[in-house]
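The following blocks contain the structures, represented as C-alpha cells.
The two complexes that follow have chain A in common; it is paired with chain B in the first and with chain C in the second.
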Partner chain A sequence: MDRFVVSRPIYPPLSILFSFVMLLLGLLISKRESFFFLLIAMALLYLCFGYGRILGKCLLVFVPLSLLVGFLSYLIARQEIAALQMTGRILLLGLCAVPTLSMPPSILTRSLAGLHCPRAITLGMLVAIRFFPILIAETKQILEAMRTRGVRVTMNPLVLYRAFLIPLTMRIVGISEILSLSIETRGFDLREGEQTIFRPVHFTSRDGIFCALMIACIVGAVVWK
Partner chain B sequence: MSPEMNAAIEVHHYTFRYPCSGNDVLRDCQFTLAYGEFVLLAGDSGSGKSTLIRAIIGSLPDTVREAGLELGEKTGRQTDEQAGERWGRILIDGRDVTEQTVSARARFIGSVLQDADSQIIHTKVEDEIAFGGENLGMDTSRIEEHISRVCALLELECAWNTSTLSGGQKQRLITAAALVMDRKILILDEPLANLDRAGAALLLHTLAQLAKDGYAVLMAEHRIDVAAPFANRIVRLEEGRVCAEEDSSGRTQFDATMETMSTQKTLRPMAPLLSARGLSLQLGGREIFRDVSMQVDRGERIVIVGENGSGKTMLLRTLARLQKPTRGEIVFSRSPQRQYRKPSPAWFRGVGYVFQNPNVQLFMPSVFEEIAYGAKSTDAARHYMELFGLKHLSERHPHSLSEGQKRLLTIAAIAAQEPEILLLDEPTVGQDHMALKQLMVVLGEISKERGMAIIMVTHDRRCAGYPADQIVRMQSDSVITENGVHSG
Partner chain C sequence: MKLLQKFTVRDIVFLAVLAAALTVTGVITMPLVMTITLFGVRNAAAAIFYGTFGTIALMKVRKPGALLLTFVFNGAILLMMSPVMFLNNFLGSLMAEIIALAIFKNYENEKAIFLAAGILAPLTLPTSVFFAMLLNGQTALQIVERPLLSALICILTAALSFAGAAIGLKIARELRMAGKLK
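And now, the complex of A and B:
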C-alpha cells in the first residue's frame, strides 16, 4: 500500500482542492495551447514536492491509456488536434489523481476531523483511498493465481471471465465488507464530536508555497496567449 | 459461570438463517460469557463459529425484525427474501443490542476478525493502532500510553509500514488495534491463524491475564490444543448448535495430532526434480533471506518453518517463480527455462502452488467443476474430490464454503492437476483437528503413490510429527536445513 504514499504529503484539503480545480480548469481550457503548459506545470510541481515516484507510476498507466484513447479518437474523428486534446484530457485525469492517491489515510482523516468535516465524507474518502491500492494488489494476485491454475489470457473468453472477474468481484465485495466492518468495529460511526486527533495535521509554510505555485499555474494557464 | 460473576454476553435461544438459504446456520444457541472468563468457541469448519461471532458484534446481514416477545420465546417468522431471519436475543452488559449497529456495539466490544490483511486501513503501525482510540474519543496521552503497552506486548514497532508486515505480524497488529480500545469485552475470530508458536503463546498469555483482570474474552479457534490450557471453558458448536460446554482445566498441550503419520515416512528420494542455488531476496531495501540452496527430489516432503516475518511465504513464492530472486537460480528438471523469463504454463503444470488466500484461486460454479477444471479426467476429479472429503459439497458454489473448506478445495484442485511438486502456503489454517489429520494423511498418500514432492510452509504446531524429509528453519539471520520429523 505504501508504494503510493509520499513521506511528506501536501495538506490533504489543499491536495483535494488542487486536484478538483486543476481537473475543472484543464477540461475548460483543453482546446487551448495553454492546456499543455498546465500539464507540464503540474508535473514539475509534483517533482518539486516529492511526488516524483508516484508521478512515474501514474504516467506508466496513463500515458499508454491516453495514447490508446487518442488513437481511437483519431480513428473516429480523423482530426490530429482532437486526438491530441483527448490524449491530454486522459493525462490530466492521471495527474489530478496523484495527490489523492498518495495521501496517507491517517493524515486525511485527521485533517478532515480537524476541520470538523462530516464523518460520512471522511468515511467515504477513507475507504476510497484505501481501496484503490488493495484493488491493484488483488488484481496482481488473481493474475498470478490464474497462471497457477493453467488459465491463459489467450484462452476461451468465458474461462478468462470466470477465472479473472469472479475472484476479483468476490474479493472486492469481501474486502469492502471487511474493510467497512473493520472501521465500524473500531468505533468509527457517523455521529459528530466525540473523536480525538492523535497527531494533529497542520497547514505548513511548505503547503503555503505549494498553494502559491498552484495559483501561479492557474493564472499562467488562463492568461497564456 | 459462577452466580456471582456478571454476565458480559448473553445469547438467548438465538437462531439465524442467511438470506435465500434453506438451512439455519445457528440453531437455538444459548450461552453466557461472564466478566473474568476466557471462553473458547470450538467446532468443526462450517459449524457456525464465525456466524455466532458476527451475530454478537452485529455484522450479520439485515434481519427480519422479530415480534418482541419475552426472552427465549420463539417469535413469529416473517418472510423477506433480501433479509436473513433470526429468532432470539443477544444481551451485552445486560442491554439488549439486537437492534444496535456494529459501531454502537463497538462501544462495549473490542473485536478481532478473520482476514487481517483486508482490515488494515493505515500505512503506519502507530496510526493503525491509534485509530480505534481516536474514534472512541480517548485522550491522546492515554492513546500514546496504550500504544506503547500493546506494541511492547505484541512485539510491534510503531514506525513499521503496514504493507511490509508478514501475515503473522498483521494478525498481531489488528489484535493490538482491538486491545488499545480497552473494551471490557474482547471477541476474537481465529486470532492464532497466522501466528507462530511464540506469537500464539504471547497472545494467549495476554488474553488469560486480561480475563484474570476482569475482562470477558471469547475466542473462536480451531487450534484448541494450543488455546485450551489458557481458557476457563470451551463452548462447542456442532452444526450451528451449542452442544457442549466443558471445563478446559484438565487439558494439556496437544502433542500427538500426527502420531499416526510417523509410520508413513518410508519413501526414499528417487530423482532430483528442482534445485535452488544461492537464492537471495531483498524487498524495499530489506533482506528477506540470503543464500538459500536446496534440492527437491521426487516424492520428497519438505516443511518450511520459522517465526512470523522470517520470509517463509517469500521463499515459497520464489521457488514457484512467482517472485523473482535478487540473486540465485532455480532449475526444474522437467521445464528448463531461462531465469529472466516469466514462468511458462508448462512450469505451472509441473509446479502446483496453493496460495495462503484460497479465494483468489476459485472461480468455477461448483466444487466438482473446480476440481475437474485442471484434472486429467472426470474420473480423476471425482477421485480427488473423494480423497479430500469434499464429495458431500460437490454441488456447492466454492465461494459459499467456509474458509477452511475453501482452503481444502484449492489444495484438491491444484493436486488434481497432478503437478510433480506441490507448494502449499499455510494449508492448515481454518482446519479443525479431524480435517487437518485427514489432510496430512491424504498428502502423504499422494506423495507416496504419485511421487509428488510436497513443500509446505506452516507454523502450525499440530503438524508436529509430520514425516518430513527435510525441514527448512527460517530465522531472522539464517536458514537451516535439517533432516527428520518436524518437531514443531
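And now, the complex of A and C:
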C-alpha cells in the first residue's frame, strides 16, 4: 500500500470528508451536465496538490473498469446517455478514493489521536491497514504450500477448509499473539489519559486552500445546471 | 467509550488482524463480481467470509462490540477504496450486534455468536439498496425489477452467511481443541 502514499498528504479528516462529500454530491448530480465538469475539477484539484502519480494509477484501473461497466450497461439497456452516466459514476468512485488511498496510515492515526479518538480505534486501524499487505503475503504462502503438497486450488469446500482456512486462521492467531505481546512490551496501554503524539498532524494553510477549492467545486456543481 | 474499556490490547490486535484477513478475502472475491450490476450479488460473494470471520472474532473475543470493531477496522481499509462499503459494513455489523444482544444479552452462548455473524451479511442488503439507488440513479422498485431473482439472491446471501458462520464455529472449535484459541 506504500506505493500509493504521497509525500505531502491533505489533513486526513479533510481527505475523508472530501471523499464522502464528493461521492454523495457526484451521485446526486450524476444526471446533470455539470457532473462531468465536477470529475474534471476533482482531477485538476488532485494535480495541483501533488496527487498526480496516484491519480494516474487510479485512472489506469478505473478508466477501463468504468468503460467496461458502461458498455455492459449499454448492452442491457441500449441507452447511450444512461451508459455514459454509469461510466461517470464508476469513474467518480475511483476519483473519490484518491485522497484516502494515498493517506499514510501513520499520519491518519496521528491525526485521529490528536482529535482524541480512542486508542483502541487508532491502534486497530493502524494494525488493520499495516497488516493488510502482510496477510496477502501469508495467503500466497499458504497457497504455495498447498501447491507443494499437490493440493489443487479448487472450489472443493473440504479442501479449502482443511488446506486454506485452518492454516490462515492459525497464522492470524499466531501473528496477533506475537504482535500484541510486542505492543504490550513497549508499554502501550489502552487506558485513556494524557498522551503525547510523535509529530502531531495539524491543519495547515495548504489544507485551508484545498478546503476552499473543494467548497468552490461543490458550489459550482450545485449552481451549474 | 465505556464499551471500549472492556477490550484488551490482545483483543484489539486480534480483531484488527482478522479485519485485515477479511479484506484479503475481499480482494480475492470482489474482482469476480465487481462488474455485475445485479442487486445483491456482491453481498452474496462476501457473505460466506463475513460469516466465517465474524464467528471467529466473536469466539475469541466474546464481548459486546467485538463484531462492530472488526468491521470498523475492516472499514478503515475499505474507506480508502470506497466509503460506501465502509458505511455498508458499519451499519450491517451494528444492526447485527443490536439484534443478537437484544435476544441473548451476551455472547456466552454460541447461538448468539452464530446469529450475530449469520445475519450480518443479509443486513447489509437494505443499505446496499439505498446506495444502489444513489449509484445507479434508480428507484428501489427499479433495483428489484426482477423480484424473484432479487429474492433468490437475498436468500442465497443469508444461506451463505449462515454457512460461513457454521464453518467459523467449526474452525474455532478445532483451534480451541488445539489450544490456539483461548
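Note that in this section the second predicted complex is superposed on the first by the 146 of 225 C-alpha atoms of A that agree within 3 Å, B and C clash if a C-alpha of one lies under 4 Å from a C-alpha of the other, contacts with A are read in each partner's own complex, and residues count from 1 in each chain.
Keep this in mind: contacts are C-beta pairs under 8 Å (C-beta built on N, C-alpha and C of every residue); 3 or more make two chains touch, one makes a residue touch a chain.
None of these values were measured; they are calculated from a predicted model.
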Which of chain B and chain C A:Arg78 touches, first, second, both or neither: neither
First (chain B), second (chain C), both or neither touched by A:Met86: second
First, second, both or neither for A:Leu68, with chain B first and chain C second: second
Chain B versus chain C as contact partner of A:Ile183, first or second or both or neither: both
Touching partner for A:Arg152 - first (chain B), second (chain C), both, neither: first
Contacts of A:Leu135 with chain B and chain C, given as first, second, both or neither: second
Which superposed partner A:Glu144 touches (first chain B, second chain C, both, neither): first
Which superposed partner A:His202 touches (first chain B, second chain C, both, neither): neither
First (chain B), second (chain C), both or neither touched by A:Ser106: first
Residues of chain A that lie at the interface with chain B and also at the interface with chain C: 126, 134, 166, 170, 175, 179, 183-184, 188-189
Chain A contact footprint on chain B (complex, rising order): 57, 59, 101-104, 106-107, 109, 111, 113, 115, 118-124, 127, 130-140, 143-144, 161-164, 174, 177-178, 181, 320, 322, 343, 345, 348-349, 352-353, 355, 357, 359-364, 373-374, 399, 413-414, 417
Residue numbers on chain C that touch chain A, as the complex places them: 1, 4-5, 7-10, 12-21, 23-24, 27-28, 34-35, 37, 52, 56, 60, 69, 72-74, 76-77, 79-84, 134-137, 167, 170-171, 174-175, 180-181
Chain A residues touching chain B - in the complex, by the definition given at the top: 1-3, 5, 104-106, 109-110, 113, 126, 130, 134, 138, 141-142, 144-145, 147-150, 152, 162-164, 166-167, 170-171, 174-175, 178-179, 181-189, 194-199
Contact set on chain A toward chain C in their complex: 16, 19-20, 23-24, 27-28, 30-31, 65, 68-69, 72-73, 76, 85-86, 89, 93, 96-97, 100-101, 103, 118, 120-121, 123-129, 131-132, 134-136, 139, 161, 165-166, 168-170, 172-173, 175-177, 179-180, 183-184, 188-192
